[in-house]
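Every chain is named by a letter (A, B and C) in the order it is written, and numbering of its residues begins at 1.
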Amino acid sequence: MLLKNTYNEFIKIVAKPRSYLGFGALTLLIAIIIFAMKADGETIVSFITASFEQTLAFNGKLVNGNLIAFIILQMLVVHIPLLVALVTGDLISGEAAMGTVRMLATKPISRTQIVLSKFIAGAIYTLLLTIWLGFLSLFVSHLVFGAGDLIVLNSDGLVILQEADILWRFGLGFCVAFLALLTVATLSICLSAFAENSVGPIVSTMAIIILFTIIGSLDVTVFDTIKPYLFTTHMASWRSFFEDPVPYDSIYQSIIVLLVHIAVLIGITLYKFNKKDITS
Amino acid sequence: MKKLFLLAFLCFSVLSYSQTANAVIDKINAKLLAVKDYTVNANINANIPMIKIMPSNVKIYFKQKDKFKIESKGIVIVPKQGFTELNSFISNKSKYTAVFGENAVIRTIQTRLINIIPNEGAGDIVLAKIWVDVAKSVIMKSQITTLSNGTVNVDYTYGDQISRGLPSVMKFEIDVKKFKIPKSVASDINKSSADKKKASANQKTKGTITITLSNYKINTGLSDALFVKKKN
Amino acid sequence: MFVNVYVNQPFGTIHVLICLIIMEKQAIIKVKHLAKKFGSFEAVKDVSFTVNKGDVFGFLGPNGAGKSTTIRCLLSLISPDKGTVELFGQSLAKNRADILKNIGSIIEKPDFYKYLSAQKNLELFARISGANVSAKDIAEMLDFVGLGNRAKHKVKGFSHGMKQRLGIAQTLLHKPELIILDEPTTGLDPQGIVEIRNLILRLKNEQNKTILLSSHQLSEIELIANRMVIINQGKSVVEGDVSSLLNSEETLVRIELNDAVKGERIIREKLNVSAVTQTAANELEVNITKKRVPELCKALIDADLEIHAIEPKRKLEDYFMKIIQA
């Protein structure tokens, strides 16, 4: 029954026009970024290298497909959660708003299975969105700009990674980015179980992300104790794969924090949805 | 009379020293000018605080008087100054005054320091110091201070091309005090403020770039077209 | 079939009687002392009733009486605070999935995924109905409810009546034993109401389905239900056979005539009927056995009164109002 309903959930996602909004928005955003980098990439990169270039000369193709892919990921990390929440935030509350939750909950499928099937379908959607992001950012960028070494600016300096040493980093980086987006998806599904309309969970998800991100980026010692437990702190963990050496310990820590978030949020959703009186 | 003699002796001494410094530079210039162009394979190994880069192999092209090109597969970091500027600067004697400094031993080799003081309006260089192996007429070490880039020290080691004054290893020491990370670009939100403070406290102020040069191909008649920068 | 087998056995007659008693008494729904609060509001205080196999069971009550809450409790949409719900002899709390496999329902109005076609919607619900429903079954069901030619059309373009018919299709698709219809005729035009009524009668007569029908249309209930319960202010007030509760021998007749005062006097004196009330200047209501209706008409005409209209008035309405007001 779980698989059957997961299939149903996926059919619903595929049929909903809003599901394509994410793919469309990503395509448009990436097209704009690629166009901007094609037109003025050197200037943007010189902003990164400016303070070094008084003493050092950077030789080689700095603006290349790998850099563009990295910049795209970096820039869109704030926006993709919105695109994910747009669909996943609607998965339970949308049924309540439409009234179909009545039909669904009177079928011989447990509420736990309903929630889990929605979660799996939401995860598949998030995965497809991540794959699409990866395809556009890597494949199209390489097509337009060609390959090359990747110059990455971290808070502790520049890292220049050789071309042959990059693809696996993107691969693993996308996996961690997917996990981060899955956490967002689970959060919005969880909020969706508390709401009877679609807008509430989407807005709430974004509000939580913005709030936690602000707390995470404030260099204030008071917040240092809670920062490691905020999921937003670990949303940029994919970037760690572009450090040298790769800080695997901190990545594992991020993965654990994100997985714990996912498990707790699913638990809350299951509890709430199982206890919920469907009066809509 | 004694006083006059002493004065004449001092004047002669200074003059003779000055002539010797110029003569040493002349010999170096003569060697360098004999190399019209060259191609050389280079391995660049940079050890610079705030920059992590793997050693890479490149090909360097040079043509008199100051045409210079690095051909690399990927991104390489080289010092902005030190390859051609010094040679180009010392080849034009009207731009500076050369004065001997103290003797020094560099890697068991007796060297002579020559202070090169630019004349007024000579450009970006404020002061250049070169330590010269007088016997072989090669620069063993240089220290160039410019208005724009601060001080760059270069150590030269020579191999089979010592007769032409071409080094086999150049080790650049670079001042990195001015390096700054634009905050808006670097977004490591997964680092706590304590981590960031610790990272900035550990910053070194000097970095080195070691360029190992091998397989020189000299005076092969490189065309000027090779040095024209292609637009991406 | 079950009955036939026993008829051919020795002492067949006794067995038939026993079996008929068992069949008639087989409770499909058994609700005992159901109660549900939403915050401080007691939506259902004490509702009990039993629906037997083959019943068309009328579930009546004014707005806010607790009908929808009770029905939602039957379908596990709402968890009751007190009381028990048994369906097919099993506890709903323990055997939810098994029970729901045998139930088809429409709660208030059928809502569908508007961005999907009628066929896709049915496919979706069929997939999780617990029964094997083929594409052919879906096509036949759409034909049955008159939506065969709209199968591929998106539901967002459907009228209320079409959605209601699609709802019926969804209800019947997995061939459930029990059908629960909560206000199935709300918002339908007269033709739609007749269609639904006929459909319910067909389900009862041809397929022997058990149907729980909640409706505001008391006339509908009176026409098609054999048993009923009336609930008011969260409590079940009356439960029983419709015919015995309403006394089917008698009927309430509404008469429009030119002189209501004279008419009332004629009926009282000539027919010796006391249950006559003047309800308007030229309107009377008379409670009379069905056999005496022709006699009533003849007496009024013989007294030179002009009868403009004479029609039976549903007794359930009266009965319902009496119960609610009491």
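As a working rule, contacts are C-beta pairs under 8 Å (C-beta built on N, C-alpha and C of every residue); 3 or more make two chains touch, one makes a residue touch a chain.
Since the model is a prediction, treat every value here as computed from it, not as a measurement.
Colleague: Could you give the fewest steps needed to travel from subunit B to subunit C through chains in contact?
Modeller: Minimum number of steps from subunit B to subunit C: 2.
Colleague: Of the chain pairs A-B and A-C, which one is connected by the greater count of C-beta contacts?
Modeller: A-B
Colleague: So, what's the distance in Å between the C-alpha centres of subunit C and subunit B?
Modeller: 100
Colleague: What's the distance between the Cα centroids of subunit A and subunit B, rounded to whole Å?
Modeller: Taking the mean C-alpha position of each chain, the two centres sit 48 Å apart.
Colleague: When the centre of a chain is set as the mean of its C-alpha atoms, what distance in Å lies between subunit A and subunit C?
Modeller: Roughly 52 Å, centre to centre.
Colleague: For subunit A, which residues count as touching subunit B in their complex?
Modeller: Checking each residue of subunit A against subunit B gives 42, 47-48, 50-63, 74, 148-149, 151, 153-163, 165, 213, 216-217, 219-221, 224, 227-228, 232-234, 236-237, 239-240, 244, 250, 254.
Colleague: Name, in rising order, each residue of subunit C that touches subunit A in their complex.
Modeller: So the residues of subunit C in touch with subunit A come to 38, 72, 75-79, 96-101, 103, 105, 107-116, 120, 124-125, 127-130, 170.
Colleague: Quick check: in the complex, which residue numbers of subunit A touch subunit C?
Modeller: Spelled out, the residues of subunit A in touch with subunit C are 1, 4-5, 7-8, 11-12, 15-17, 98-100, 102-110, 275, 277-279.
Colleague: Given the complex with subunit A, which residues does subunit B contribute to the contact?
Modeller: Per the stated touch rule, the residues are 48-54, 56, 58, 70, 72-80, 148-150, 152, 174-176, 178-183, 185-194, 196, 199-200, 232.
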